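Two complexes are shown next, each including chain A; its partner changes from chain B in the first to chain C in the second.
Up next is the complex of A and B:
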């Protein structure tokens, strides 16, 4: 009797091993396609989705671009799925590229909400806007990836990212869609002549629609304002080229008579790398501070007119304006905001050549 | 032998399992500003009544809760225990169906819910049949494995915190008292430590140590709400179904081996919940054996889990689970407030009599 029980238990525990063999509805990795980039545009009423799928065969990297259309984005993806011989997994999408026309006309709200809702797409996915024809952009990508260049490397901090590029992820955009006091800037790219992509600046968004643009130099300041590391940036001026090696920002908001005042200080540590003519460090410093302050002012005025708070200045007033009124921050308060920006530069060193200036 | 450590591990772990899924969403839904106020109020209520409960139990060094209630007469003790039993069973149903649904939403999108429910109930029934000592020992083991992981995930969540999102910090209206989500969020407080009254007296524990452990738990309630809030801001966080999970999803670390830290976090929490479910099954089987004394305890557990399994299958959607959470509120306050009070009062009365 006892041995029968032991046998029974043994068989039972062996049965438990069975579910270990895999998950539900398993699909072999050979029968799955993992797209890494997704392009979205609109053709008439219908969404058109482009997927870039790498295929690795016998050590050679190959690419395919597949397209599908549908009334919704997921329907378009489904369209691709039906026509593909393997199942399409969106799990590994690293970058989603929106067509500029779509962003200008219909806005990104609907697609972004969809992406946040389905868990297939990671909320860390990068978002970018394509500044030229998305079909030809993807074709160019395909050529480049065969040379071993991936578009998302362009945005990775450990690879090709430079401080002129705004770095925006899916959850940033989603947050900006809902937030009362924050908007988002999305990088704009087009296919380049001798590089995979050319960065053309950042799109300034309001409620998922493109309302203004920042050029790369302005994006640099935008990044500096948020305290993103600007290391390695070279600023060309009339008299010198300098490299910014460190930056910190300090911001303080005040509300007087329903008019918001903002006091900001950005501290830059710079290294002088090139010099033209005989100029003292003081002049270089002054010039740099002036150039940056002017650039910032022009930029802010433009955004205030569009009611797009891309700097998230409203964040500094969350404790000063009653929450019920915060809803109207962009309309009522933001256009009147007065900004006092001070830029402090410290010249850390001048490289290995001594400078002797005539007094 | 002093088993405080095991008891504490069991308590903490079950609370972690309850805190990070539904709790943040409930609190964020209950108020728009000053989220610390409802959390603090809940914590104070929780600690106060836990203290009363432990104090009440300490008057009876040789009896468990059923023995204590029996001193009031059989019929009376049955009426007092019945809501507890009902709450335990409904909570088990809620836990199993909610966490099966969560698993489905978070990582097993293609797996049918019944398969997940089967797995959860099977494992917890097995542990429950083995008895309370096994449950407590397993708790210690699982706690040692998963707790560092949870601390790590909490730490990396601070990555994108913007402290301005904590504002407006004061809510003078106390409007959350009028919101149902505030009351359902007591879900994360009510159930766990009720088991202290049920464990047999050969497993001894130190009430002081348990109170200390509970204070250690308080920051986690705040973290679970404030991490999503500080990252996303109230406007966005209130649109999310699982704010904490989404916060964890967006963690961007190059050196992290896993692409998504969420998976491991969610898995460890589901493990915690399985153990809590087995504890609840064990607790309800003890009460059940008062009503039907002839049957062995393990058969009670099996009968219970089979019926719970069937009821879970009948719950079609997430919305029904949420409704169940709301219907259960009265029982929840019974087990959180009334039961400790009763035990405390009986204890005080007995002390006076002797």
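Up next is the complex of A and C:
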């Protein structure tokens, strides 16, 4: 009797297990298509979505580009899904590329909100802007990928990333859209002549719209300000080429008479790699500091005019400005911000040779 | 003929190896009763004769008396039958109508002490237990020269008698555990113990229990280590191993012989075993989960190469892995059964031929073969065959959960297994306990 009861319970629990699990609609990995890059543009009223999908086949890597259109982004994706032989998962998308035209005209808010809402796309997905015709960009990508180059490698820290490239994730953009005190810089790319991608600088955004641009050199400083590693960067100056091997940044904000003051220190460890003529370390140091400080000031002035707080300086004042006034940060406080930037350089190494002029 | 002899004869009427042999002992006619199959009659007769002859030289009449006087254990027919079955020789004196018990020379039915057959020792003592219980106890005695060593022997079974010994160190063993074991033995004195399952049952273990209560070991070193940790050893006559009790989870990963190596090496070896157990439980399930349910957690490069290796395979991963795991189980079972000369052939056919062919035929993916191979190797890294068996069984639980709930299922499977392990108690000692130190069990 007891064993019958146990059997009964077992069968019952197995029956419950099945409907609860949702395991009837799982699809094996070889029946799924994994798009790795998504391009978004607008054709008239309709969104146009391009997906770059690697095809697994014997031996060689192949890629296809599929396109779909629809009134919404998901409608366009659905359009692709219907016509694909395997199920399309957006789970593996590594990079989303927006058409510059779309960003300038309509802004990114709507698509970004959609991506955050559907939760199918990882919030770590990279966001980039295409400075080019997106169709031809993807076509060029396809050609290059067949040579074994993937676009996301361009942004990977272990692969093609250099400190001049800003790295922006989906959640960064979403945060910038909803934050009073922070904006975001999005890398801009176009198809290159010799390489798959050419980096043209970073777009400075305000409320999902493109308002200004940073060139690669400025982006380097932007990255340094945020403490991103700049290792390996070679800076060419009038008298020397140096390599930055380490950087740290300290920032402190103060509010006096409703005017925000920012005290920033960026410490750089550099290695001198090339020297032209007899210049002392002190001159090189001074020159480097001057170049960087000027560059930073110019950048900040420009952004202040555009009211785009791409450095996120407002973050340092969140506890100093009352919350209800915080939403006026960009309009009221940010344009008046006074920046005191100090750059400290430590020459860590002079290469393997020592010059007499140092003494 | 005497009624007693008739009675005994009646009992053994179907036993052809039973003998009643007339013999003269110091001039007196006697009958020798016993079993040919376990008594070496010729040698025993020689001894009896010799015993008489040497004495006869001195004074024969006295000896005639003394022989019957010195071993004057008179027994009745019932005891006689029991003694005959145990391999004793009965000397029956017609004149006096008494039966005497004599310890004959037995026919050598035991093998000598050899290196362990089922467990491998690396740079450790190479002796192992044999079927004969008293030899086994002797081996333990020799290794533990301590007056604290207690040996208690019981004869169990109603119709088929079997000897069972409990060996423990008086000052270290847990009194509660010993008391419980002895009470179980005394309660079940009439249970026949033919197999270990009977022993499990009468020690109060549930029928569907996966965890064995005993740690079966062939190696005296392990048994002695158990004794020193305060555990109890059971020897059952006819079983060539010691049953160390209680058996705890950590025994799956630790072997006494590990202590013959340096401490860091010992730790590394044990860490490997833990890793092996985890790999056995997780790897097949992870394959199912990643390929079928949660491919999103794979890196895109890996996802693509897995998708490529699964191109054209008709089965879902769960079926695929079940097929391969079952084939592997069959290979293991077959190679255990088969004689050593055919074993390697099966391994080769199973491993290389089937493994290669099944991939070429696109029935399973390349990756799966790697997973299955890794699993079976990892499975064997734990100590003790019975422990490897537990893992072999439990991995299917995790695979089933993984096929339904994916990565989450692996976690729930492992939690379930942990909960099951944690819920078990063996003679009041938790299965997962790790007590250390003198008098400790773990």
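Here is the rule we use: the second predicted complex is superposed on the first by the 334 of 359 C-alpha atoms of A that agree within 3 Å, B and C clash if a C-alpha of one lies under 4 Å from a C-alpha of the other, contacts with A are read in each partner's own complex, and residues count from 1 in each chain.
The rule we apply is simple: a contact is a pair of C-beta atoms (placed from the backbone, for glycine too) under 8 Å apart; a residue touches a chain by one contact, two chains touch by 3 or more.
Values in this document were obtained by computation on a predicted structure and should not be read as measured data.
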Discussion item. Just checking: does A:174 make contact with chain B only, chain C only, both, or neither of them? Give me first, second, both or neither.
Written reply: first
Discussion item. Quick one: is A:315 in contact with chain B, with chain C, with both, or with neither? Answer first, second, both or neither.
Written reply: first
Worksheet item: Counting only touches as set out at the top, which of chain B and chain C does A:333 meet: first, second, both, neither?
Response: neither
Practice prompt. Please work out whether A:94 is in contact with chain B alone, chain C alone, both, or neither, and reply first, second, both or neither.
Written response: second
Discussion item. Quick one: is A:137 in contact with chain B, with chain C, with both, or with neither? Answer first, second, both or neither.
Written reply: neither
Item to complete: Applying the touch criterion given at the start, work out whether A:225 contacts chain B, chain C, both or neither, answering first, second, both or neither.
Response: neither
Practice prompt. With both structures superposed, pick whichever of chain B and chain C touches the larger number of chain A residues.
Written response: B
Item to complete: Could you tell me if A:115 is touching chain B, chain C, both of them or neither one (first, second, both, neither)?
Response: neither
Discussion item. Just checking: does A:124 make contact with chain B only, chain C only, both, or neither of them? Give me first, second, both or neither.
Written reply: first
Worksheet, complete the sentence: Intersected contact list for chain A, partners chain B and chain C 23, 122
Worksheet item: Where on chain C is chain A touching in the complex?
Response: 290-293, 295-296, 300, 303-308, 310-313, 316-317, 403-406
Worksheet item: Contact residues on chain B for chain A in the complex?
Response: 32-33, 105-112, 115, 119, 162, 164-165, 167-169, 232-233, 235-236, 239, 246, 249-252, 254, 259-260
Fill in: Residue numbers on chain A that touch chain B, as the complex places them
19, 23-25, 116, 119-120, 122-124, 158, 169, 171, 174-175, 177-182, 312, 315-316, 318-319, 322-323
Worksheet entry | Touching residues on chain A, where the partner in the complex is chain C | 17, 21, 23, 26-30, 32, 34, 36, 54, 56-58, 61, 89, 91-92, 94, 122, 152
